[in-house]
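Shared between the two complexes below is chain A, which pairs with chain B and chain C, respectively.
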Partner chain A sequence: MLLPPFQLHEPTTVAEAVALRQLHPESDFLAGGTDLLPNYKWQLNTRPHVIGLHKVDELRAISPTKIGALATLKQMNMDGALWQEVPVVAQTAGLIASPLIRNSGTLGGNLMLENRCFFFNQSYVWRESIDFCLKAGGTACHVVPQETKCYATFSADLPGPLIALGATFELAGPSGTRRVPAVEFYKNDGIDRHAKRPDELLTFVHLPPTASQYRASYQKLRQRESWDFPELGIAVALKMKGETVEDLQIVANALECAPKLLRDIGSGLRGKKLTDAAIDEAAAAVETQVRPVKNTNLSPSYRKRMARVFTKRALLEARAGGPRRA
Partner chain B sequence: MRGHGAVNSRCSLEVLIDEACEELGLDPFAVRLQNMMPPYSHTINDFRITSNGLPECLDKVRTASRWDERWRKMPLGKGLGLGCGFYISGSNLPIHWDVPGMPQSTVHLKIDMDAGVTVHTGAAEIGQGSDTVAAMVVAEVLGIRLDRIRVYSQNTDTAPIDLGSYSSRVTFMMGNAARKAAEEVRRELQQAAAAVVGGQPELFLFQDEMVFDASNPSRRVSFTDAVRKAMDHKGALVARGSFNSTKMGGDFKGATAGLAPAYSMNAYVAEVDVDLDTAQWRCTKVWAAHDCGKVLNRLSVEGQIEGSIHMGLGQVYSESLEYRGPNLRNPNLLDYKIPTSIEMPDVETFLVESNDAEGPFGAKEAGEGPLLPILPAVVNAIHDAVGVRMHELPITPDRLHDQMRLQGGWKKPTPLGKAAAVAVKRGVRRP
Partner chain C sequence: MNKILKLTVNGVAREVAAPDNAILLDVLRESCRLTGTKRGCDMGTCGCCTVLIDGENRLSCLTLAAQAAGKEITTVEALGTPNRLHPIQAAFSEIGGSQCGFCTPGFIMTTKALLDRNPDPDDKEIREAISGNLCRCTGYIKIIDAVKVAAKELAPEPARPTPPIAAPARRAK
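And now, the complex of A and B:
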């Protein structure tokens, strides 16, 4: 399918990019393009103006406390300081898609990844032939037909560990910048997906200095070990105080329309020893709290069961110290 | 997709044999060896079987996979499975119904002043190496280097009739046609060589670009000189060869289905590793023995086998066309999941040469046949690994996990000796 025509703008600063966005409300920001351009080719949410960010060099910097939205997944996966301080972030970047896609795909692109669904990620003719679904501008959801909400699945990986580690996202808009905690950024709705206003640009991810005190893990299920989107992802961040849990955050990812921080399960373990039995109990609790629907390749009931398995794996890895660079 | 129609039924049958073996307490290798058709025999539905290298195929993979030490004895989650197959070396029934006597394959051959050979064929080179086969067959007959030969294939202006690249027919049928064409021109060259150096034409042999008298090898001319002599006052040497498969098969309705002048045979053992938590599985190793008669080009045959394993593995692992009503739900290569290089197992190939009496230099097919055994080998290996028998493909982890729950958990199948004792107790008569 051909890329539809659009006018490309090439700002060199964040301020210019935000100004261009105001000038052309019918526009998209383009970073690595590995999600946006394939969607354009399928005529999904195409816009006449595209604001390419490839010259905005201020957004490329990577440090363990601040990562620019234009950092590529490859760079994050290769960054020694990230591996040192927040290894789960570096590791997760390397679990996304395939090496070719990671070469151009960016942090910002992954955080803003369009939700996915069988009935949305199809050609125009296909979508038209079964009557457009809600997300494609129609009136009914084809996944849960009685619903008026869109169930497209959240398919980005990095938000899982970033939420678990307490990251905040920096947004630049016409009236300046603001920060939103990652955990409040996403909404459990396949269409109205996040807190970013249309005139804002996601610029940086800030990790709290305490993030490096956590042992974290991200466990991803996918059918093929390359380039498949997650069927589920479990992120955990664990902080120990001696023998007992001081803080534990568990995020169930890629199972619903947004990543889900399971606060009560994590806080329930505070002050307790993280025994095998405690891990099994927490994993079982995760299974009961996630609600996948049938719009990815593997069945929802299986993904629910696997949420338990992958939570256990994540907790075991975190308890053992977290991922190490291969 | 190769081998359409045969792949799924072969998989079902091989899995059924495995199930029967389990119930009877018999070794899958022993059952196959005991029930095998001998070479040069007829099946009950009047298939004419010529060469059959299946016993040797079975022997190769049994030894290489250390089957006797490992099958049913590997730890829970790991297993071995056997799958066999056979495949037509070209459909006996031509796809043109209304042109009696038209050859199934024809090859035109021309040798001009520079002693360069042009081979014209309608066989379609689709990446499988049919041009190479055409050149190699001609080079073998004329005892010349491959770089003397130019193959012009699938050009409708110049190509003679050929039914096409389907039913794994090209090596057998086009190869035979090419051989006949080369033999026709060879007779002219024998005459020419004898005219130059004396001797009986039919005694002249072709090797290393030389034409020499077998009874007195010092009587020799170069291939080039033989060509020039043969062309004297005539011009280029032209020849043609064709192939028609003989009438075969019974008189009953449907008797023509599956008839072929020869059949490839094969036996694969697959090794799998099943994750007991998630039911995700990987095929970790394949031992693949294929009887393609005579190996004309080792690299090509091995490539065909490895490619077949990849393609067949996709059908067991992840590939399926998912429909929602009339709409194909996964019409793209992200959602239609072809295994990647990461999912590809290590493959050890064994080429068994049964030297078919009618194949070109004894060759049979290596196109679609090598795909068949991988599917049942994997399905049977999964059963050996975790005791779950899958009757639906692809074996996605959710399906396998569901089936495990239905059966009440993973369980290593009963070891052979014990299963045999149970079968005897149930009244099964031992052979």
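And now, the complex of A and C:
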């Protein structure tokens, strides 16, 4: 499949990349290319300019409190310090796609992953044959026809645990850098997806020093264990004080257009013991609060029921101390 | 408009004229005439196009040629010749890890990256390593066997069993 023609720019610093973006408003940033290039091959929202970030080495560093957007998923999965301090982040990076894709795919690419939909991730001819959907420049959503909002499913994994752990994202733009809490970054809309302005570049993820005090877990449902986009993901971060819960964050991921922090379920357990019954109750509550739509391979009702099962698994793993390096 | 890219392919420095949107796979096949690397799904799903970039197995269908400039690119052609197969190729051939053969260059390059990193992988590590490569013929069992045989062949020294506790010297009869 041919890529559409574009002009490639190869900045070597973040400042250069941001300046190029200002110069060419009709452009995309390219990191690992494992999401953008397949979309370009399918003629999905292509641009005449591409800003390749492969020479911007300042964004590759990994530490338990600050990870560069160009760190590859493989590097994150292999990083000893990440496994030591925030194992759920290292583990989740290893659950994304296949080893081949993880060798190229980056943290920034996963956080900015295009939302996916059965009616969007198709060839040009396929999409044209049933009229383009909203996300591909059409006028109607094929998933919820009466709606003018896009329902494409959020399919990135890392935002789940990062939101649960209280991470913030650093964005570099023409007027300097700013930080946005991960929980406020994503919008529940398949087209207007996030708080990053078009002229900004996501540069770093900051994890609070307290993140290492949490026991966390990420449970992912997918059709093929070897590699697939999530059909759902449940991230939990649990902080205990003696026998009782001091803080609990539960994030339902890949079920709607954005990851959803279920604040009330987590805060309802504060000060209580995390018994099996409490876990069952929390898992049941998650099932009632998620609203998947029919635009992935598995049915919404199944994914909803599985949200309960996977929340239970996540809470049990977090209670037991979180993931360990295999 | 074409640009001149400096690529090092299989140890040979080359200058290739390619447009900005050129994919590494196309440059290898069309400009370098190295057609061992195959185009399967062209979407990063099947792993047929796997090559090594600086020793790491990567999808050449999802890598711009410009992204690989200045790096060491290794394709299946660098491994062996028809008369003198590389131990990985020989293992795939002898064990039956290859049937129609279309996915085989990808599997071989993934195996090369695995064995360079981990000369003695166990079953789980092999399955994990090849999980991004698809084969529709073999059912994978023979591929896993081939990787194990290749690992043995490539081991620096044959693994010696630990000597048993010294038995008392036999008396001459």
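A few points about this structure:
Criterion: the second predicted complex is superposed on the first by the 326 of 326 C-alpha atoms of A that agree within 3 Å, B and C clash if a C-alpha of one lies under 4 Å from a C-alpha of the other, contacts with A are read in each partner's own complex, and residues count from 1 in each chain.
As a convention for this text, contacts are C-beta pairs under 8 Å (C-beta built on N, C-alpha and C of every residue); 3 or more make two chains touch, one makes a residue touch a chain.
Keep in mind it's a predicted model, so treat the numbers as computed, not measured.
With both structures placed on the common chain, the touch criterion links A:L221 to chain B but leaves chain C unconnected. Contacts of A:L23 after superposition on the shared chain: neither chain B nor chain C is touched. Contact with chain B, but none with chain C, is seen for A:S129 once the two complexes are overlaid on the shared chain. When the two complexes are overlaid on their common chain A, residue A:S299 makes contact with chain B while staying clear of chain C. When the two complexes are overlaid on their common chain A, residue A:M1 makes contact with chain C while staying clear of chain B. Within the superposed three-chain model, A:E10 lies in touch with chain C and out of touch with chain B [touch as defined at top]. Within the superposed three-chain model, A:A81 lies out of touch with both chain B and chain C [touch as defined at top].
In the superposition on chain A, the residues of chain A contacting both chain B and chain C are 226-227.
Every residue of chain A that touches chain C in the complex is listed here, in rising order: 1-8, 10, 30, 32-34, 37-38, 41, 50, 52, 54, 97-101, 103-104, 226-227. Across the complex, chain A meets chain B through its residues 118, 121-123, 126, 129-130, 142, 221, 223-229, 297-299, 301-303, 305-306, 309, 313. Per the touch definition, chain B reaches chain A in the complex via residues 277-278, 318, 324-325, 327, 329, 331, 334-335, 337, 339-340, 342-343, 396-398, 401-402. Residue ranges of chain C in contact with chain A, taken from their complex: 19-21, 23, 42-44, 47, 50, 56-59, 62-64, 66-67, 110, 128-129, 131-133.
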